[in-house]
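Shared chain: chain A. Partners: chain B in the first complex, chain C in the second.
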Partner chain A sequence: MTDTSNPSLAEAGMPFREKSAWVAVAGMVVGYGGYFAMVATLPHQMIDGDPPGMVLKLFALLTIATIVRLVILGAGTLAIRAASPADAKAPADERDRAIAGRSAAIAYYVMMTGMIIVGMFMPFTAHGWAITNAALFAIVVAELARYGTIIAAYRRGWHG
Partner chain B sequence: MAKMQIVNNIRTLRFMAGEMTQADLGARIGMTRQTIAAIEAGKYSPTLEAAFRIAQVFGKTLDEVFQWEG
Partner chain C sequence: MGFREKMLWASAATTVVIWGWYFWGFVSALEAPAFNVGAELGKFLFAVVALVVVQVVAAIVLALSSPADAQAPADDRDREFALVAYRAAFITLSVLIAALTVAAPMTIATAPAWLAGRPPVLVPIVISNALLVSLVIAELVRSATVLFLYRKGS
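== the complex of A and B ==
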């Protein structure tokens, strides 16, 4: 949604890269949100204990989640490209690059925190797919932090 | 100390330059129209180089386009 209270912003509309970030967030939330919702409903010992068949089941769920995410990302990207082809072709300018840099920096710290927890602490408390899922969750949270920062930077202003 | 902020006259200057669009101005200085809109709205402060480019498009000096006000 564009800030229509400001005539300058209303005239320009939403930046293409902000739209792309919204599409990416939708893909992540629907795809991996669904995956983690299903995993959360499984009995704890099934994931932690790696019973026979569980590896294949979780791998299948993860594959489906990834496909769902890619379909949403692909369809959404095609839709926003079709809606504003000139914006899609425009190269990133200094503001776009600054926002991309800031969002990547924030996501880096989120990812590092997640990987420290997963790699340094979880091996003493969990096993198998629980660790894999925690690592995947850290990646998803880091990506959401990146896209969230992009959206916030475009919407709330950038004075970095 | 009063909080200072950068303000600009780009919207007025565009109007005086034959109602130049944000997209036209953006194309001339290598920026997207949304970035021009963000600068006009005070939501983004351009680099010094971009500020000079904008002033050059309108044939103005930097301080005729941008001011630092409290």
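== the complex of A and C ==
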């Protein structure tokens, strides 16, 4: 009988799509978490009014954050593919498709809500770069909601 | 044609007409020598109210014309089509917003050149309208995907 109480054995049985979602979460948290942490530490007077030099610096920082995310995503995906090649090649079944659809629906509403807040209210209270950052933050939150739903679905045995 | 499909057609048509009218006017206002923020805000609010009113009226008319169909719960096929459409819409919205996070800094950086003496408040207004276009396109992709699947499946 398999001992599923052993965490390492339980982890060995983790579906490939759940592992992919964990890798994506790691990429988002490290890449954009780092970016937002750095932006949050900047004094307001440095970014208020969108001085051209600061806009370019923030853009460079955002590019670095995106590269970090993609490197983590690429390396992580290669690693989990190498660890379970058969699982990686298996086509998505009905449950996988249902989970993917349900998680995208949740993420879509999260992003819509974020965009409505950013697009309808922020123009009257914030400057240009703050709006860009808020839009990016909405993407990150929506993607985390999507991957979080995928992980929860596989962990809890939901059908999606 | 079922109630849900008719509703989607009505929703897509009103979205194209009302938001098309708003964005056409917004671009025209941007090209004009002076930009009236109050007038554009008024047009935006009118578009939102008109969209809600027209869609509510369309839903009532369609529900009265086929009451049994309107009250029927969504079946597995409806739910599956909806989930596929959400995925397409989410990918579309993500790509558009990601592109905007690249385009917006350039818009901000080049603002002094294209503002040409107009108020600086135009910069966030342009960015927020670009976000709004993204939402409208994503919603149209969602409607179009479901309509395509209904047509393909019927």
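The definition used in the following text is that the second predicted complex is superposed on the first by the 146 of 160 C-alpha atoms of A that agree within 3 Å, B and C clash if a C-alpha of one lies under 4 Å from a C-alpha of the other, contacts with A are read in each partner's own complex, and residues count from 1 in each chain.
We adopt the following convention: contacts are C-beta pairs under 8 Å (C-beta built on N, C-alpha and C of every residue); 3 or more make two chains touch, one makes a residue touch a chain.
Just so you know, these numbers come straight off a predicted model, no measurement behind them.
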item: Superposed model, chain A: greater residue contact from chain B or chain C; value: C
item: Touched partner set for A:136, first chain B, second chain C, both or neither; value: second
item: Touching partner for A:107 - first (chain B), second (chain C), both, neither; value: second
item: First, second, both or neither for A:14, with chain B first and chain C second; value: first
item: Which superposed partner A:157 touches (first chain B, second chain C, both, neither); value: first
item: Contacting residues of chain C [partner chain A, same complex]; value: 80, 82-84, 86-87, 89-91, 93-94, 97-98, 100-102, 104-105, 107-109, 111, 121, 123-125, 127-129, 131-132, 134-135, 138, 142
item: Interface residues, chain B side, partner chain A - complex; value: 11, 21-23, 26, 30-38, 40-47, 50
item: Chain A to chain C touching residues, read off their complex; value: 50, 52, 55-56, 58-59, 62, 98, 100-102, 104-105, 107-108, 111-112, 115-116, 118-120, 122-123, 126-129, 131-132, 135-136, 138-139, 142-143, 146
item: Chain B contact footprint on chain A (complex, rising order); value: 3, 6-9, 11-16, 86-87, 90-91, 93-96, 154, 156-159
